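Sharing a structure below in structure tokens format, with a few things to ask.
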Amino acid sequence: MIRFSVLGCGRIGTMHARNLARHPKARLTSVFDVVTKASDAMAAELGVKAAVSVEEVLADPEVDAVLIATSTDTHVDLITAAARAGKAILCEKPIALDMAKVERCWAEIKGLNATVMIGFNRRFDPSFRAVHDRLNKGEIGKLEQIVITSRDPAPPPISYINVSGGLFRDMTIHDFDLARYFAGDVVEVHAFGGHLVDPAIAAAGDIDAAMVTLRAASGALIHINNSRRCAYGYDQRLEVFGEKGMLLAGNKTATTVQSFSATGTAEGDVVLPFFIERYAEAYANEVAHFVDSISGGTTPLTSFTDGAEALRLADAALESLRSGRAVKIG
Amino acid sequence: MIRFSVLGCGRIGTMHARNLARHPKARLTSVFDVVTKASDAMAAELGVKAAVSVEEVLADPEVDAVLIATSTDTHVDLITAAARAGKAILCEKPIALDMAKVERCWAEIKGLNATVMIGFNRRFDPSFRAVHDRLNKGEIGKLEQIVITSRDPAPPPISYINVSGGLFRDMTIHDFDLARYFAGDVVEVHAFGGHLVDPAIAAAGDIDAAMVTLRAASGALIHINNSRRCAYGYDQRLEVFGEKGMLLAGNKTATTVQSFSATGTAEGDVVLPFFIERYAEAYANEVAHFVDSISGGTTPLTSFTDGAEALRLADAALESLRSGRAVKIG
Amino acid sequence: MIRFSVLGCGRIGTMHARNLARHPKARLTSVFDVVTKASDAMAAELGVKAAVSVEEVLADPEVDAVLIATSTDTHVDLITAAARAGKAILCEKPIALDMAKVERCWAEIKGLNATVMIGFNRRFDPSFRAVHDRLNKGEIGKLEQIVITSRDPAPPPISYINVSGGLFRDMTIHDFDLARYFAGDVVEVHAFGGHLVDPAIAAAGDIDAAMVTLRAASGALIHINNSRRCAYGYDQRLEVFGEKGMLLAGNKTATTVQSFSATGTAEGDVVLPFFIERYAEAYANEVAHFVDSISGGTTPLTSFTDGAEALRLADAALESLRSGRAVKIG
Amino acid sequence: MIRFSVLGCGRIGTMHARNLARHPKARLTSVFDVVTKASDAMAAELGVKAAVSVEEVLADPEVDAVLIATSTDTHVDLITAAARAGKAILCEKPIALDMAKVERCWAEIKGLNATVMIGFNRRFDPSFRAVHDRLNKGEIGKLEQIVITSRDPAPPPISYINVSGGLFRDMTIHDFDLARYFAGDVVEVHAFGGHLVDPAIAAAGDIDAAMVTLRAASGALIHINNSRRCAYGYDQRLEVFGEKGMLLAGNKTATTVQSFSATGTAEGDVVLPFFIERYAEAYANEVAHFVDSISGGTTPLTSFTDGAEALRLADAALESLRSGRAVKIG
């Protein structure tokens, strides 16, 4: 039984806390949030302790692992402190918005042998996972091309944009990780950005749409398209093309219903609205994998290094956007 | 080169005449219609002779074969006369609305060795044909169940209903033939009819919807559903279920376009409107098969007997409707 | 908080017990099974009491409601005893295999004002429910036809066939209930049965495939097809056709993955294997509805009467099978 | 009636000649090929004259228009000569492999008022056309992103690669034109190329896979992916994403059959093998549009300028491949 504390009781922290509370090999010991009302509510709902400080959590011998779902600017300090306190760590992406900070963090913790996992939920989606496994079993031969479609239903508030690190570090970072999951190391990045959705985002210095292309060390080519708005819901598709065929993973809908009318046929539901619904199974699988990694003493599938490398690609995409050149990695 | 005359220049006759005019091994010699204006127009369009009488056509040594697309009440006389004149015959379904008449016709012509084909177009649809061939190659093992969906886009005028012989002889007859194509001899028929579409059809003594179930000699069970109205177009689907799997053949649309919006996803076009469009390839294949049958001296896939047997099932369905019993055949 | 005891710790009872244990407004108090090992295991897993007798359960003031998942032959006695003990009752279908027994049970309990729900899980499937709600909101106008496909992946053992009451009472009963859910009262039933899957089932006096057709009081026509075997999994589809369009509800698969190869395109996963997986959401919704019905003092959506009426249709289908006639109801 | 001569009796010329022979407002007068056997065969099949030289064709007053389907290196000279001879011209893409040559050709002919059309068949595909029309009617609001998938079933022989001008000028040129059809002027191009299919293609100095990204003057972003090999057939898909939704156009298959088995569900046919089959309707529409343009004296939808601009994008992609930079246009 792995005993957990969840740090951060926002939307994602709440979801993780509920998943941990339900997991047969995990026990939720406490939750913490700087907003006391939030941690109190979650503690009450799940019948656990509301810790009053991070220090209390990290000093608690009844806590084996922390799940960090606080704001991005706190991640590095919390990871470092938790690693020093001997806790296993599952931290939401991104580790930080600044590569130097990520590297300093790694320098601090790498000798501590902490189990550290970064929350790239998509690797735990059953459909993406199935594509990965079937590719690796050789079903479509050598990997040649990947197309990742990743469009949010609606843009976040500008206040969020301002602290997000920009579209590549905030949103595309998931797609960069997915690209690495399928194609391994990436050696070259090109990006076009767009101001297509909301002029306020441009005014905040960010882009709201992008088309990024990657070249993997293996020679495989990867395309990612992003938009901060998508009329039909949260568009999360994957196309993996190889010498012997192709595997697609599509969107999820609430029902299998199709309608036929005088104006069209086989119309399905809109896709599930956003990540909490779309990746519900993935999030449950993610914490289960973390629990297994701690129990087994193994490095999680989405390691600290994966978090760092995805940020490196985000930074490279940003540099490409600015320079107009494809940027080489490593 | 097989030389043809088309009798009947309505919608179906026109379509057949154009297909014959385009076929490399067929030559259209003449067309005939009791409405002179219709035959003149078709003759002008296709650059052929407008015959002034059936007698002229049947006496013409330049005519090897006739395609009969006149009204149903003329079919038997035309088949008989054409067979006597030594012409090959492709006659639109149904042969007649009265089984006794069909049997007398057969008694007249069976000794004449005429090539006689009844126009059951659906057997020549590439998708239905592919299902048939894959079934017969054993892809889904032993045939167990068939579901035939056959819904017209809109009811015909009451004037047509009045001379149609009723839904089973006019519309379901195609489905009966399709059932026989896949499952062979049918031994038992049950039918429910409905008055769901237009009270004027009920007033004319006919039904406008039906659910028919058949039992084949092989043990296979077949369901047919019919409606005289279908909001989303001409619904023509086939499900063939066997011990090792299932084969479906679906509707056809004008394009492959799918639309995604705030109200739904993957909406396709409405299905092709009616038989001329839906079965365009089937009709072309049908005349090609007839040309090959004449050339090869073989019995066409949809023989006079098939026409008679489909009518027998229609009559049995009508009897079931009246008696409330499943009706045994043969 | 509604306090529950689950009677019967087989596959379905286990699944229900886990759903109840997870439901925020339910508390599982105890479980019971004549096989002590089964109830002990479930009690241990869920941290509840293993009752040693039905009497203990019914006498327990900590039990507000019982979920009956024992063998069919015990249902009537347990319903009656539980109703007398003032418990709310959710009983798995069928109530009994004998209509007279069902009617005697009703005579016993109807004055007791117990909340009684019969476990017709399909009404709680999100897709079937969505079709129902959209139909009732008028999306496809007046209901005209329904096609229900219901095929089990593989036949049960002959020992089960022998006590099942036959295909109509055991398997089609779900489809009869679904037909009533969509089309209301049924007035006429015709059935063809088949011996297509396993000769041992025929030897046991049962059929293993069927095509049933119903006529509703509204005039709507309904077709049900059943098979005790389906190579591609548990086939559970619904087609609802109306004057303005059609709604389909399809099968569920484990992933959204589609594969494209030299031999075919867009191949999806096999469908979910059987009812526990296919109707996982439906079962959770079903117990939630029961909890709400008890809390609100309302009659559940799937009442004792619904259980009786579905059995009446099963009996009528059996009579039709024997007599070769469509059987009128009521 | 527009009278035609077809120059070049290879696979594409043959297909065009047959379409012209069937078109009600076109008449095929003659065909020509430097390989006399080819032109004789086609002339015999279609019952037209086999011209012995281009000069004979261009001097023939019975020829209003020429369809140029000869090898690429002859296009410019034939266009120029035909324009001088007062013929309307439908020339297969590309105009030439060298932009300077294209510009000189234009300088020669622009004053001659010839109707000149370049054979970008995809604009005439019913599905792509429907997407275009629905986009322009505002169905999905402002255009934001396009994803074009364009993969050939198998690479051509190296002898063809050697004279093809490279993947961008030979294959992607269609996609560049499609991008311009939907998004208008393109202002920036980036390309990654790959050697993924056949080392002999790399040895010949060409790439066999590519991912190209374009930025349109409107701000829209466009992604194109190409491969010289595709296991499941000729993959030709289009995704058009706008502020209010998305339109997809998919591949075409020979039938609508789907198969369901113990290993998968809803498997469709492989896609149509290559351009002759896939774009059969598009080619027929293309010549029909050309006939209408001549009759109406209007500029064809795919003008000489479109041919030049698509080549300009191909050249920019090649420059991007070499320089590692996104290349600005104009």
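Note that the chains take the letters A, B, C and D in the order they are written out, and that residue 1 is the start of every chain.
One rule holds in what follows: a contact is a pair of C-beta atoms (placed from the backbone, for glycine too) under 8 Å apart; a residue touches a chain by one contact, two chains touch by 3 or more.
Everything numeric in this text was worked out from a predicted model, so none of it was measured.
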| item | value |
| --- | --- |
| Pair of chains joined by more contacts [C-beta pairs], A-C or A-D | A-D |
| Label of the chain whose CA centroid is most distant from the centroid of subunit C | D |
| Cα-centroid distance, subunit A relative to subunit B, in whole angstrom | 58 |
| Gap in Å, rounded to a whole number, between the CA centres of subunit C and subunit A | 40 |
| Per-residue multi-chain contacts in subunit C, two or more chains | 140, 231-232, 244-246, 251, 259-262, 266 |
| Touching residues on subunit A, where the partner in the complex is subunit D | 140-142, 144-145, 147, 149, 151, 188, 190, 192, 194-197, 209-211, 213, 215, 219-223, 225, 227, 229-232, 235, 241-246, 324-326 |
| Contact set on subunit D toward subunit B in their complex | 22, 126-127, 130-131, 134, 139-140, 244-252, 254-262, 266 |
| Residues of subunit B defined as touching subunit A within the complex | 231-233, 251, 253, 259-271 |
